[in-house]
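I've put the structures underneath this note.
Two complexes follow with subunit A in common, the first pairing it with subunit B and the second with subunit C.
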Partner chain A sequence: MSDLVLKDVRKSYGDAKVIHGVDLEIRDGEFVVFVGPSGCGKSTLLRMIAGLESITGGDVVIGGEQVNDIAPADRGIAMVFQSYALYPHKDVYGNMAFALRHAGEDKAVIDERVKKAADILGLDALLKRKPKELSGGQRQRVAIGRAIVRDPEIFLFDEPLSNLDAALRVQMRVEILRLHQRLKTTMIYVTHDQVEAMTLADRIVVLRDGRIEQVGTPLELYHHPKNHFVAGFIGSPKMNFLACDRVGDGTQVTAHGSAPITVLVKPRDAAGPFTLGVRPEHVDLVEPGQGQLDGTILVAERLGGETFLHVDLGDSEPFVVKADGNVRYVSGDPVGLSFPSDALHLFDANGDAFEHVERHALIA
Partner chain B sequence: MSPVIQGIITIIIGVGGCVGYFYFANLLVDRVIFPQRDIAAGTTGMRRTIGRIGLGILLLLLLLVMFAGSLPDALAQIPAAIGSALAAFVSILLSAAEALSFGVEWLGMLLSLAVYLVLFVVVVGGLITLIGFAITAPGTATTGDNINRANQMRPWLFLFPAMFALGLYLMYPVVGSFIRSLYDRAGTDYVGLGNYVRLFNNPDFRTAFFNNILWALVVPAMATFMGLVIAQLTDRLRWGNIAKSLVFMPMAISFVGASLIWKFVYAQDPDIGIINAIRQFFGAEEGIDPLQIPFWNNFLLMAILIWIQTGFAMVILSAALRGIPEETVEAAIIDGANPFQVFFKIKVPQIMGTIVVVWTTITILVLKVFDIVYTMTGGNFGTEILPSFMMDFMFRDDGQATAVAFVIMVVVLPVMIWNIVQARKEMR
Partner chain C sequence: MTDMTSDSRARSSRAKGLSTKFAVHAVLAGYTLIAIFPVILVVLNSFKNRRGIFTDPLGIPAGETFSMEGYATVLTEGDFLTYFSNSLIVTVSSLFLILLLGAMAAHALAEYRFRLNTFIGIYLILGIMVPIRLGTVAILELMVDLNLVNTLLALILVYTASGLPVAVFILTEFMRTLSRDIKDCARVDGLSEYRIFFEVVVPLIRPVLATVAVFSMIPIWNDLWFPLILASGDATKTVTLGVQQFIGQYTVNWSAVLASLSIAILPVLGLYALFSRQLIAGITSGAVKG
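Coming up: the complex of A and B.
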């Protein structure tokens, strides 16, 4: 077990710069998730930590040792790939034992460690099978088992659940979480799925275009996004954004000519135009005229327990509101929207968020 | 008639015949034999009877033809009578076509061609219909039954032309050669396995057989190994594709052409042959003829085929190497494998199926090679192999020649079966 430090890590392919100086400290035993849209460099960063990509600039430090020029096998890491990357010609046992055999371990030791890993992952009955005789979930377990057997200091997961179907993904997500609780090893997990990021991570690293946008606990990112991008990326359905104007002392805004809406942020000088951000689950539905804004329902997406209303406010994008699933909503009906001021976000022209007056109760 | 028109007519008849066969055969199956409607039990019974009687008559005629010698004259005459009646009928049709053409030559040819085509369609169609009728199930046939049965019959319909052609041009020669190999030089007296006994007692044959085994072991091994190594080494190079093109080029040269090129390499004159040039550089006085060095000259000949076949192995194996998922290689690197181990323990096992296919394909080719030996040494100096040995007998003692041919086939057969099995596994 070990901590990992990235110091101004850079990567470029010829003239194309992919990673623009990433600084990050990952503590021993932490579960960190890299998340971001495709092409943001999250996989590249992971592969640089693994040693599969060379490092153009900066340092990767594992357990206090700079590992830039150390071979992948000697970095104390193990990696699980999206496509499992099992050796098709070896059985499950052979796949898991491969690394140990190369390290010249004793047969008895290999046997013991493979059996132990198989036991943890429930693979005991499958040890003699070839990868093609396994289901997707079993293959992924073998890939994880191959990583466990090496007893690494850091686990690297590269979108490990993307090839699984939805039900299996949920199941494997829980298994990975329990594995982390059991092994207490540092884990770095790359995904583009923000549900995986939110549920698994101790801390989430949001990346965009080779830069870190924000690092924080899942709740921190949800309640106090640093900027427009993080606010829009975390949360499902995504946050609604409304162009707005500041009025009064700067803590009140009007959007679409609404009545003044109070936003509990620390006022500061910033250039407009401003954007008001509000999550679908933080909007109250009221009778038309009773709230700060009125709109008409375009579509009602019924999920049973809840209903997502797409409300037309005159913008190109509909305004999404999470509503009670037990109430009947009809397309074309007018609705009033009321914004509770403690759950609103305000962004300046650069997309930077205004700091909230109070931190959320669950975040220290 | 101008050759151009002849060519065009050939193409039209060929393509039209194929398309026509599939079109009309399907039509026959879907409309006549298994029409897409319900058929009453009485009708199916009648169909079965017609089909079985028809096929029975055909079978009977076949038997009559086969055993014509041991039958009373009256019976033996029947097929001949039917044959001459049919011939008379055809000649009537042909003369009608002749008459209709009013002396225009090309019209006459076209019409007689049409007559033959119609006869072919009638014969094949009639056969399909009879078989279809004969296999009609008893009882009422519903529309669904008929559609299902038509679909069951369709694959055979599509396979029939290929099976017929293969049977005629592949199976018949094999059987024919084997039978011929049981007869003496003139082909008149049956000698049993005498030709084979004589072969195996012939020291030249034993040399050829031994050499051929050497060829079949060395050439595929070397060509596959070098192809694999070159494919791997050139994979990541910028000029790798140029290198690959150069290695592949000998594939385009005929064996005889390649042999001529290598005759220069092995030439005795140091000004021409590189081997003797090198010897001279190191101070050798006399030039030697490398092709006369006993035993080792075999390997000098094999080098030519290796030179030709390495390109083939390289191209196929290069494609296979590219098909290996990159992640398995990366996983192996993380697991601590060095480049050699990655290649031999991760990459090679994953393309083992392809390697076997390449290996066996080259083996089959090796067992057929004749030109190289014939051009380079003519089989002298102990370089004889089976095909060139067979060539020595051909047209002089066909009994022995076909015996050699059969020995070659027996040797190739297991390799070929393995090749097919592996290739099919690869395709899955």
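Coming up: the complex of A and C.
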């Protein structure tokens, strides 16, 4: 069993508090992604789990054992770093065998495990190469291989794909996913890239300023963000936010003097000003005057399969609509926007979301 | 038309490149000549007899001017083999200590966060600004108290102390540029801090160690001051001190002096060749996208 439990974990450097009490349980075999803007403490948290940063307060428990003061090597973890961190003076085989050699493992066992890891990652032909003779993707594969060889209880990935180019990143993302399906080991993955987070994770942990904002499955975060920050962070292009007023029984709002827009949330007492959240993909384009709001097209970004329309509603930021690739709008066209009420989000003055009446169909 | 102009432009730039190349090499060759001329003169004249040296200092040793008398004197009179091994022992030991202690101190300063880190860093580096010879009297008194006068250990200690500041300075700066991840990775792999230093950090800084070794080595080998003061006994004489016996108050046995100097060049040359291999390896490994 290798459940990982964080209990009120804190970290500060002198007076500067970096992690403010994080509570989290990660189940055996789970793929958990820490995501957040840079400086949110996600890497620090990972390094604390690894044992590379001391823990100022709270407990890190792996498999039922408190590991606060246990050395990284004895925690049953393996880590993959953003900069690959390969030993430049050792060849691929030497890099992968290094930890085992140090642990005094039997030569035959080392050989078998290195060969097996090389086989999984397709590195068989490269075992005699030095890191500098490898491409970025191959280097990252060696770094992952080095982790596999140690047969850890928990894999830790610290932004492993950030140094790769876009195409390679997609490819390696799939490889990591397949690796997880194959090894079924707990993996904790840190990234600032929300696409990586959405595609890889069983559960995503969204962090901001050293605090957990929300933990949930990717779709849970997408459909039911707990607050303004998570709503804006998950999804691309990001969610549009409109200042609005509640009218009627509290489930209707008006924004920019629009007709009442119904939001399917459970009404509760909360202080305004309120914010309406609309994802770019949850807006229908209609004739001007037919929808709840009218605007003017500022820019049409055509990606071929889809088009991002930037619509001017009089705010400082344009309202982004994700439309079909074949829409004929050009800059300056008037357009009507219609909002389907089951995909809208409403936030109070604190940024907390109103709970939706119904959970999304894909989330149990 | 465009082809022609681009072609002629290429040709003229190639011609320009050639002339710049020539100029660069001319300057370099000239400098090399100036730098190496005294050495050539020393080696040439070491193969001449006294008359040959004074009648034609620039001449090639041949016929009656050719003589091995200088070498004969050096190898028979005095105990040159001892001087030699003394110099080697002192230089190699001091170098080893400078590199080992310097690298360890630099690693600690660059890697660990602790109180007084900056202070200790400045303290260690301060020695660059204070010439160690200012402390000669105090050092001599200290060595007398420690009963270390006329031992090689005295020299080794003094040279290690004088070489450390620059070594620490250069190595610290370089170690700060080493990737943190690779050391953390070694920690996750279960290496102790000492093994991280010896098995991960030292291989990475080998080119810089070679640089520090090369320019720490020459002043130690060539020093006359401290051997004269701390270890002038016959058993502990170094080469530079040994040569002095041929320089009398009234007569100087030039053949012997030049012969001993020629021989004295060889070991440093050998050590340099050893380190420069590392230097070149370091330079190229950086150039080929590490």
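A few remarks follow.
The definition used in the following text is that the second predicted complex is superposed on the first by the 363 of 364 C-alpha atoms of A that agree within 3 Å, B and C clash if a C-alpha of one lies under 4 Å from a C-alpha of the other, contacts with A are read in each partner's own complex, and residues count from 1 in each chain.
Keep this in mind: contacts are C-beta pairs under 8 Å (C-beta built on N, C-alpha and C of every residue); 3 or more make two chains touch, one makes a residue touch a chain.
Predicted model only: the values in this text are computed from it and were never measured.
On the shared subunit subunit A, the superposed partners subunit B and subunit C overlap sterically. Using the contact criterion defined above for the overlaid structures, shared-chain residue A:K132 touches subunit C, although it does not reach subunit B.
Look at A:A50: by the touch rule set out above, it reaches both subunit B and subunit C. Once the two complexes are overlaid on the shared chain, A:A103 sits against subunit B and subunit C alike.
When the shared chain is aligned, subunit B and subunit C each come close enough to touch A:S83.
When the two structures are aligned on the shared chain, A:P72 is found in touch with subunit B and with subunit C.
Within subunit A, the residues touching subunit B in one complex and subunit C in the other are 50-52, 71-74, 77-79, 81-89, 98-99, 102-103, 146, 150. The residues of subunit B lying in touch with subunit A in their complex are 325, 327-328, 330-337, 341, 346, 349-350, 352.
On the side of subunit A, the complex with subunit B involves touching residues 50-52, 71-74, 77-79, 81-90, 98-99, 102-103, 146, 150. Touching subunit A in their complex are the following residues of subunit C: 179, 181-182, 184-191, 195, 200, 203-204, 285, 288-290. Remark: subunit A residues 47, 50-52, 71-74, 77-79, 81-89, 98-99, 102-103, 132, 146, 150 touch subunit C in the complex.
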